């Protein structure tokens, strides 16, 4: 069994997730510029989640590119990842509508944490199937993959004290995935290939 | 006519079904952890349906892999299956929001029952087109395919007495499809290939 | 330019149209079987539209199968068809929620009429591009394609007198497309190939 | 890395955007023809946005046809474009429900402006990757690509004085993209190929 239909189905689910989030952005009844102000936190949390789903789509793309075969374990590890990502719109809406309050912010981090764990499990399942060679080399020490869950855990804790610290951490982790890889990509081409931007 | 576009369309519909279910999980207005408690049954019924749609996607994938041609009968048998699966989000939402009450639980079972029947009809239509050889061998005695509707029928009855029994049955049927096949897959590779996980 | 991406995009839009219609089927607050009764007309109109979108997907599939090239005119004729079909969920919901009242029933017929016209325009655009030979032969006299708009027009008129007559016509047109083609397909294989079931 | 999955993902997102907009068209509770009147501006703004998303899909299709490779920069430039386009349903709903009031009309123009900028950035990213030859020749002086943002800016300003002027501009820009290219296509075939209809 090859990876084509798994990729197509995952692309479909990710495309829907990234798009239905915008339904949280409800048109206000008034038509003044002021009426848009309460939507700003909703828009910002939408933007954050848009970037995260974009990163996952990108990394997922690269990881499956390195895989040649799909077995039952990989299929379910993939669905497990999609399950956690499908909860992102819910957490995004709750966090945005409540102006980054403590509990919604912590829940958002929890879902990012679980998605990172699910991604790691999927990576393991693909490595096991392919004899640990290609993807193992590609992933390398996977510093970012190990650092992200630790930072999410910190953000979850921080949410109960100063929730803006959590937001800074969420933005920082997104930047870690976004920015340096592009630089690395230009310099070293395919090093760390499975998770580059 | 080949199976590519049929698979692509089915993947699209299944990806949408699996994702729009999460829209039932509405962000609460309060921001305490307690505000999440009433959402727990909604989340659990979402998880159950997510797994069921995942199983259907998987089995559908395998079955169409064995098919080489598509005729009008197969197309409509496939749309018939998608119709019943498209009702899963409705039953999931009704069951979750009403904390697994009797009638919604029975309706959920009825839709699973009808989807199982529709799957069986689709299987028959593919077998007839392909001369009963390849898929017939792959499906074998299809114990799980025959057992599932019986268990759904039991769950529908049980819902009117103790609806938790129905829930146990729904989880059990999902596990029947999930767990042993993975084991079988590792041991026997392609035996029962059309419906493995 | 080939037809692959046009088919993929159309499949995506049709898959979304066929699935979001089910969002009209809102979970009732009560949990008795009686609570489902007011949903029956909504479910029936969903079923009718599901079959119609299925027929369009099927015919669209066959027609594009006969096309080798896509030009700007075909692209926009295709989007024009998708526009009218995208209004089907709206008319379906309005008609179902109001128990097949006169004006919603007439609107439903109007949208089916416009979709039929749009399909005919798309067929013309493909014929013009391909020199009238392949598809022209396949379409033949296209009795069903000519009869359907006439029947829709009758149904629109009838809606203002007895709206059940309109419903009978809608079901009848769906059956015209569904039933005989399957028979023809078995007997004559690829005659009338562009619009068979 | 090739363009296939990028196209598939973009097609998915655009198909969802173009279809969920119709959810703004809510079925009225009454069943008279008069009940449809307040929906007319919603329908008209839906039609306008449908055409714009159709134009973007078309142009995107052509541009990626000229690209052979995708790098990280192109991927993110593409997601950036999809982000702005994903805000179109929000602005469409707000503008339609408020009968083309000043601020919603200006916001609509702002999102079209940002999408045009994002498209230009994506075009640049593809040109840089491919050594400025193929697409550069195809794009040519790209008069329409340069004119559109200027016209959007004018429309944003005009919205605060006479919002119907803005609407005329939005329709005019859509026509600029729609009409002449079809003519050009017939006469000159592949000149200005990257953005033809």
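We just call them A, B, C and D in the order they show up, numbering each chain from 1.
Please note the rule applied: a contact is a pair of C-beta atoms (placed from the backbone, for glycine too) under 8 Å apart; a residue touches a chain by one contact, two chains touch by 3 or more.
Only a predicted model underlies this, so the values are computations on that prediction, with no experimental measurement involved.
In a homomeric contact, the two copies may use the same or different surfaces; for chain A and chain B, under half of the interface residue numbers are shared, pointing to different surfaces.
Taking only C-alpha atoms, you rotate chain C by 90 degrees to land it on chain D; that is to the nearest 5.
In whole angstrom, the spacing between the mean C-alpha positions of chain A and chain D is 27. Residue positions 8, 12, 16, 20, 23 of chain B each touch two or more of the other chains.
Within the complex formed with chain A, the residues of chain B that make contact are 7-8, 11-12, 14-16, 18-20, 22-23, 25, 27-28, 31-33, 35-36, 47, 50-51, 54, 57-58, 61, 65, 178, 181-182, 185, 196-197. Residues of chain A touching chain B in their complex: 1, 5, 8-9, 12-13, 16-17, 20, 23-24, 71-73, 75-76, 79, 82-83, 86-87, 89-90, 93-94, 97-98, 101-104, 107.
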